[in-house]
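What follows is a pair of complexes built around subunit A, which joins subunit B in one and subunit C in the other.
On to the complex of A and B.
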């Protein structure tokens, strides 16, 4: 087991860009975790004069926004929101995707046909419009945004899981399990899933990046949860001041970009490490 | 060939039907019915009046009757009445739809043009500084939120340099002649289309590079070279044409995302499309409008998807044989 882990780490580390990405992700996680210690008071509280540029006042290293709130504090707390929503949405999407994909491939026939039509339906609906619809109907809560993003991002995971299960379901070891009288659920979860998981994990890690982008778009439009600090909302709030203080938009945008970039790079690295066959392509 | 076209178009119908049912479920998920919102907005509180309205809108009937009625009315393109604009939902959406379609088409063109060119360039000069620069740019544009890119481009090109307008679709009071109008719209279109298109350009560049490199190794390319074709002709007429197939697949898959992305970009550039309409309707909880946009948006994507599939058929004759 340890040998496997070391082997995995070595293959991951061979991809330099993935290491840089991992470092960035760790930094973002660190900032998110340390936010309450770095900025003990409410980040949405007004601290000083509005529109102080970054690097001017050492008390507010990233400046203040149009209301005089500390941008650095909002970025730190925004990292929590972003990571939490990204992770939970990706988890939701992975759960739905694996359930749909695995069921479709394992049982085949009309169940497969029906579930794949269902997947196609969700691929056809314009995803952001669907998220906005759900949020407008259920309300502007962080949980609903998360679920909505999960609901629109599960289709690629379902398709991939289905393809993996298709390739595995008639293999000898599965037939052996059937002959032993194992239940369908146990074969699916205990036997096939572990073998099908590596590429699915890679895709889920990429879905986190997509979810972060979705969340930022929703809160940029002002439809996110108004009670939590979020990078997207910071950009949306700063948009009216682009003539004088464009840095209010630039700073959180850079944070989103770097986070998504890092997550993508880590995803690529995981792909190299988990699918060694594909590496040399 | 005609039969294939018809069969593909027929697949759109159950899809749209499913969207309608989904819509109906969403309406019923809403806390406080559509009816409550409607009466609250117009401040109706008289019980007799409420009963009468309840009957008019069919809220007092069983759910399955409501569903059947809803499907029937959407089938007749009756998406309901928007009490906010005081006009049928369909008319309001149809007024705004052309602007969104123009933006989508322009963004897709930018994405294809930039992405394919960058991908071809990177694959022809593989493992050189060009290749690395293009890959780096692709990684960055793939991670940047399009709305942020739009704002940053506005700051640079509209506010600081003044080359392009900050937002809107037409200059107010400029209307003289169709040609001048088209030029004016195009001038307004540059920034939003680029902001939206660059994300997809990044994807296309990466896929195009990989797929070009794959095709370069095939035998027919060696044959083309051996019969003395110029390198440019081999790349453009033989390799690129075959390498384009994955791009077409990707384009079909991403149409829904592009429509979603245009909603955000429209908010950034105050582009008068269905994005602005949707945003306004979500804010005012104007559900008939929101759901109308969802149905028509899905229909648009479904039809566009079918078109892309048929385009694929035209590009790759091997599929027709099956």
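On to the complex of A and C.
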């Protein structure tokens, strides 16, 4: 097991960009975890004069927004929101996607037909509009945003899982399991899934990046949870001042860009590490 | 100056720039207006739910409907009534009946003549039951004496300024009888393409984008309107309106169309003017409202404490960049007739507010006094910030606050239909006459479930109702003003809702647009007299 992990790490580390990505992700996680110690106050509190530029006042290293709130604190707490939504949405999407994909491929026939038409139905609706619809129906709560993002992003995972399961379901080891009288559920979860999982994990890591962007878009459009600090909301609030105090948009914009880039790089690295066959593609 | 191209404008000397910035309203009378051209206008809010909303429905439909539908009279900047569809309105000696003489030769957009029958229909079927609400309660009958004369009869005396304000106000639009008779006025689909007597006809409404109006060639005032085409377009946010101005895609924007910090930048070149006139009869405020259906807010002391916890100066300075001032009382400070300083003030004092809440029976328990839901109406960008500030102000009192800033439709529904809020932040614009535009937020008969911009708090106080009832029939002007001050004092002490800041809105307009902002409610004017110096 340890050897396997070392092997995995070595393959991951061979991709230099992925290492940079991982480092960035660790920094973001670190900031998110340390936020309450770095900024003990409520991040949405008005603390100073509005529109202090970054690097002018050492108390507010990244400046203040149009109401006089500390941008550094909002970025730190925003990292928590962003990562939480990203992880939870990705988990939701992965769970739905694997369940649908695995069931469809394993049982085939009319179940497959039905589930795949259902998946296609979801795929035909433009993602962002679907997210906005769900959020405006359920309400402006961070939980609902997470659910909404999860609901729209599961389809590629379902299709990928289905393809992997199709390839595996008639292999000898599966037939052997059947011959031994194993139950369907046990074969699916215990035998096929571990073999089908690597590409799905790669995709899930990319879904996190997508979820971060969705959350930002929702907040930017003013449909996010106003009780929670979020990067997208900070951009949305700063939008009206873009001609005079552009840093209010630029700072969180940079944070989103770096985080999404880092998550994508990590996804690439995972792909290299988990799918050694594809390494030299 | 008329032959100036855009490029010439940019290279003019300082002197010419100064001259062109002085143009606009001031020099309008000296120049001969030019015919033709397309004017693109907007306002600092969003698209309306329908081009015309008979019961009111806020400023957005008011803006779009008033280019098509006209009123009998209008109020000028210096607070004088001017004829529009009526040439004369005279009270009888006992103020119980009014004789209205109508203008000759007015036709509806579909060619039918405008007659006294239309006014009778409006008075009895539209104004009294739907738009004017309580203000025409005492209207008993309307009678067409001849095709151009209408007599309105009332059960009780009606003050002249009051009646004329109603007719010149938001509720006094005149709609065609031949189209609306026998139908449900509120739900008639014609409200999306209203037919009126006004200078502009609706050509088409492209939802999500703009409404286009064409010149009414048969307008009763020959030569007007000066414009060939009027387009009202909506933008989602102030920054893009500023960009549209600069790109030459927008000529005029009423009610704070662009971000406040951009005003100086845009007007410094002389190409645009910031005009503050034209809002006297639609004085805007940002209000805070306490839902009286919640037991906590039935206590006056709690409402007063919360009012005291809000730093209004901060909102005026930081959110509105100084283009607002802290409110005093229930009446806008720009109201030249009814405003009084002799009301309860709520100076910002968190400690005192905390003590008042302790005394009212809400001490801090487990870190919180109580929990409340705060709904800040999302129709103006500023309300997002005000919502966040008020949440913090209440949190400083150890109150747990759940803030929501829903979109326009959801805000209207939550505040005015479902009453689904504990504390709400909303806006309204009142006319100089307080009945009903200001009083309906406090009186019992202002409680109309589903009707936007009325008494949404459910506050009901017989004493206050009585003062307003007296104001409705008092024809002696000084006595009426005294009653209005009584109303203001009582409403301010009770505080079921109160204005937090009085807004001082600006119109941003290109310097080659002339004859604008000349009436007391420019946004709701027909814009027939606007012309382009191009």
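Simple rule for what comes next: the second predicted complex is superposed on the first by the 281 of 281 C-alpha atoms of A that agree within 3 Å, B and C clash if a C-alpha of one lies under 4 Å from a C-alpha of the other, contacts with A are read in each partner's own complex, and residues count from 1 in each chain.
Note that in this section a contact is a pair of C-beta atoms (placed from the backbone, for glycine too) under 8 Å apart; a residue touches a chain by one contact, two chains touch by 3 or more.
Predicted model, so just to flag it, every value in this text is computed and none were measured.
By the touch criterion defined above, A:220 lies against subunit B but remains apart from subunit C after alignment on the C-alpha atoms of chain A. In the superposed pair of complexes, A:237 makes contact with subunit C only, with no contact to subunit B. With both structures placed on the common chain, the touch criterion links A:46 to subunit C but leaves subunit B unconnected.
By the touch criterion defined above, A:136 lies against subunit B and subunit C together after alignment on the C-alpha atoms of chain A.
Of the two partner chains placed by the overlay, neither subunit B nor subunit C lies in contact with A:33.
Once the two complexes are laid over each other on the shared chain, residue contacts for A:246 go to subunit B alone; subunit C is not touched.
Shared-chain residue A:117: touches subunit B; no touch with subunit C. Greater residue coverage of subunit A by touch, when subunit B is weighed against subunit C, goes to B. In the superposition on chain A, A:197 makes contact with neither subunit B nor subunit C. Overlap of the subunit B and subunit C interfaces on subunit A: residues 136, 139, 222-223, 239, 242-243.
Within the complex, the subunit A residues that touch subunit C are 42, 44-46, 50, 66-68, 136, 139-140, 222-223, 226-227, 237, 239-245. Residues of subunit C that touch subunit A in their complex: 237-239, 242, 259, 261-262, 265, 318-319, 378, 381, 384-385, 387-389, 391-392, 395, 401-407, 410.
Note for the complex: subunit B touches subunit A at residues 14-15, 18-19, 22, 26-27, 29-31, 139-140, 142-145, 147-148, 151-152, 154-155, 159, 210, 253, 256-257, 259-261, 263-264, 267-268, 278-279, 281-283, 285, 287, 290-291, 293-294, 297-298, 301-302, 305. Contact residues on subunit A toward subunit B in their complex (touch as defined above): 117-118, 120-121, 123-139, 209, 213, 216-217, 220-223, 232, 235, 239, 242-243, 246, 249-250, 253, 256-258, 260-261, 264-265, 281.
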